[in-house]
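First chain A sits with chain B, and in the next complex the same chain sits with chain C.
What follows is the complex of A and B.
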């Protein structure tokens, strides 16, 4: 029987962790862009846009990420897009991230005093100008700590994509376990790799929050 | 190629879906009660003056909050047997959910405890209350009232997260959906329905929890 050293296991997990990191980055960046659009719709003066954005957010916050991934995986082919685990994982996580970020950022926008909206409106600014020059710059400051905090959820969310067959570190862990029969060791290492990715993010979110509170 | 949707074939599988929903509700109910209890204990330990205890609980909270639930579940279900701890699917699912919710609720409840005005604790002490008495009768009730909305969100997240328990063959709603689509080859319809059911469960759970919270912490005072 083949023997696996600790290094064999760890090196393969670390190689797979690259895909966890890459998927997290893709989901976070594209989810951020989509989330910004969603936020603009959510706080826009156009009622149908507001309702649609709210519905989108409610649905994505009220259903499991796993179901979202399955639906994306099986729905994309229906509209003629060939799905791979990669595309389904990227699209699913992007939508998930967008919904949560839009809701987090809405809170930040609402924390900007009403007088700022009124003052900018009295300067004859339209919605776009108000957002661009008055509201978003102020909301951005308080948005940074919770946004960094949410990135932890994105990294952890990538673990669920292993179920639709995307080979990242959790899936690699399952495959290695099937070869080595050492689930305790392998899943322990998988957990530690996630911890190494997420804990610095958690810490910096906390530090940013403290800095912001001191500045205020 | 046009795809024609067919939801009617799902009707034959109603009992499977109902079983799945019942299991999901059961898993959530049990782990909510145990998880919040663990969270109260954890928060008490985290704010206690016994340093080593606070450090150990702090490490537990950070370890759980910075690793995915799915990995925690696999570690418990596949990893623990090598230590001689063998759990059935539902036991592993409940344990993972309790451990997970326990960590998050420790942190949430701690925030509520930290927000207690110092004067109230001093007032309790001046009445000759012991530390645990102050915690039980003065601090805990208002703290829970304050953080109840945050705790509600977390419980909903744990309920939704339980969908990955299908991966260790715990027969909850996602497992039912996987089972049905392997029989009727209508994955889109099945997962669409399952997703709608989860949404309904989430809305209902939020509603129930706000009712419970209103009852228990209406005046922000715990009853003896």
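What follows is the complex of A and C.
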């Protein structure tokens, strides 16, 4: 029987963790862009856009991430789009991230006093100009800590993609466990890797929040 | 309920109606706050709207630049007809400036940037012209030295003067002032009213909602008294103060003077 050293296990987990990091980054960046568009639709003066954005957000907040991944993974081929675990994971997590970020940011936009909307409207600015020059710069300050905080959820959310066969650190952990029969050790290491990724993010979210409160 | 005192044009008024409101109606839910208001303001006139809180004066003022969507009636500014269905707010709002009770300066921008923003974004003026216009506007309100100050570094009176400069820089035809001294400490009221007085003397068309009765009496050409969503009396301030024709106005003046 083959013997596995601790380093064998850890090095393979760390190699797989690269995919966790990459998937997190892709989901966070593309989810951020999509979330911004969704936010603009959500607070826009056009009712159909508002309703559509709200519906999207409610659906993604009201269903488990796992179901969303299944649906993306199994539905895309039905409409003729070849999909891999990798694309399904990226698309699924992007949509999930976009919905949550849009809702977090909506709260930040609504925290900007109504007088700012009225003053900029009175200066003849349209919605886009108001958002770009007056509302978003102020909302951004408030948005940084909760946004960084939510990135922790994205990193942890990548674990779910192991179910549709994407080999990131959790899936790698399962595969290594099947070979080594040391589940406690392997999953313990997997947990430590997640913690090493997430804890700095939580810490910086807290630090940013403190900094923001001082600046006020 | 027709106006009892006839409107009399002030010294600088030209006789040409700049703002004309006819039959303005507005409800918030089941409450009708404006019950068919007619009003005309001539170019160069300074008009103060007075009345108890809830009488509809702020709502009427805010409807003139479309911050409140009216349910009925016609608003005409500088010959452009604006009815509730089809409002070209962008054109309208370049003709109508507004100053608020709470200043509403953009806190992330300096005083100068506050003034320049709409010039750059809305009027598409180039950098040099924007800068010059902002400097001139700030100098006009006595804050030429505060170009690079952030709103948080300014007193309430200074902030309100920046807000006035911000509106003026857009070269509006008429300036709406919504209780612009009500949020100020008493010692800061005079500097803001001083600026408004100067504007009035220069022939700016002004419509003010105010509780400063002495100021209204001294500076305004015409006083408009609102009660229960209607204008029930209007005319020269001295006339209204000394010989109120309605018991509502007499009572209101009594209340204000007792303070």
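The rule is simple: the second predicted complex is superposed on the first by the 216 of 216 C-alpha atoms of A that agree within 3 Å, B and C clash if a C-alpha of one lies under 4 Å from a C-alpha of the other, contacts with A are read in each partner's own complex, and residues count from 1 in each chain.
In this section, contacts are C-beta pairs under 8 Å (C-beta built on N, C-alpha and C of every residue); 3 or more make two chains touch, one makes a residue touch a chain.
Everything numeric in this text was worked out from a predicted model, so none of it was measured.
Enquirer: Determine, under the contact definition given at the top, whether A:124 touches first (chain B), second (chain C), both, or neither.
Expert: second
Enquirer: One more residue to check, A:116. First (chain B), second (chain C), both or neither?
Expert: A:116 contacts chain C only, not chain B.
Enquirer: For A:64 in the superposed arrangement: first (chain B), second (chain C), both or neither?
Expert: first
Enquirer: Identify the partner contact of A:74: answer first if only chain B is touched, second if only chain C is, both if each is, neither if none is.
Expert: The first partner, chain B, only.
Enquirer: Per the contact definition in the header, classify A:139: touching chain B only (first), chain C only (second), both, or neither.
Expert: Neither partner.
Enquirer: Can A:195 be said to touch chain B (first), chain C (second), both, or neither?
Expert: Only chain B is touched by A:195; chain C is not.
Enquirer: With both structures placed on chain A, which of the two partners, chain B or chain C, ends up touching more residues of chain A?
Expert: Comparing touch counts on chain A for chain B and chain C gives B.
Enquirer: If we overlay the two complexes on their shared chain A, which of chain B and chain C does A:184 touch? Say first, second, both or neither.
Expert: Touch partner of A:184: chain B, not chain C.
Enquirer: By the touch definition above, which chain A residues appear in both interfaces, chain B in one complex and chain C in the other?
Expert: The answer is that chain A has no such residue.
Enquirer: Over in the complex, which chain A residues touch chain B? Could you list them?
Expert: Those residues of chain A that touch chain B are 59, 62-68, 70-71, 74-75, 78, 152, 156-160, 162-163, 170, 173-174, 177, 182-184, 187-188, 190-191, 194-195, 198-199, 202.
Enquirer: In their complex, what parts of chain B are in touch with chain A?
Expert: 3, 62-63, 65-72, 74-75, 78-83, 156, 160-164, 166-167, 174, 177, 187-188, 191-192, 194-195, 198-199, 202-203
Enquirer: Quick check on the complex: what are the chain A residues that touch chain C?
Expert: 113, 115-116, 118-126, 129, 133-134, 137-138, 141
Enquirer: Within their complex, state which residues of chain C touch chain A.
Expert: Contacts found on chain C: 65-67, 89-90, 93-94, 96-98, 100, 102, 104-108, 117-118, 121-122, 163, 166-167, 170.
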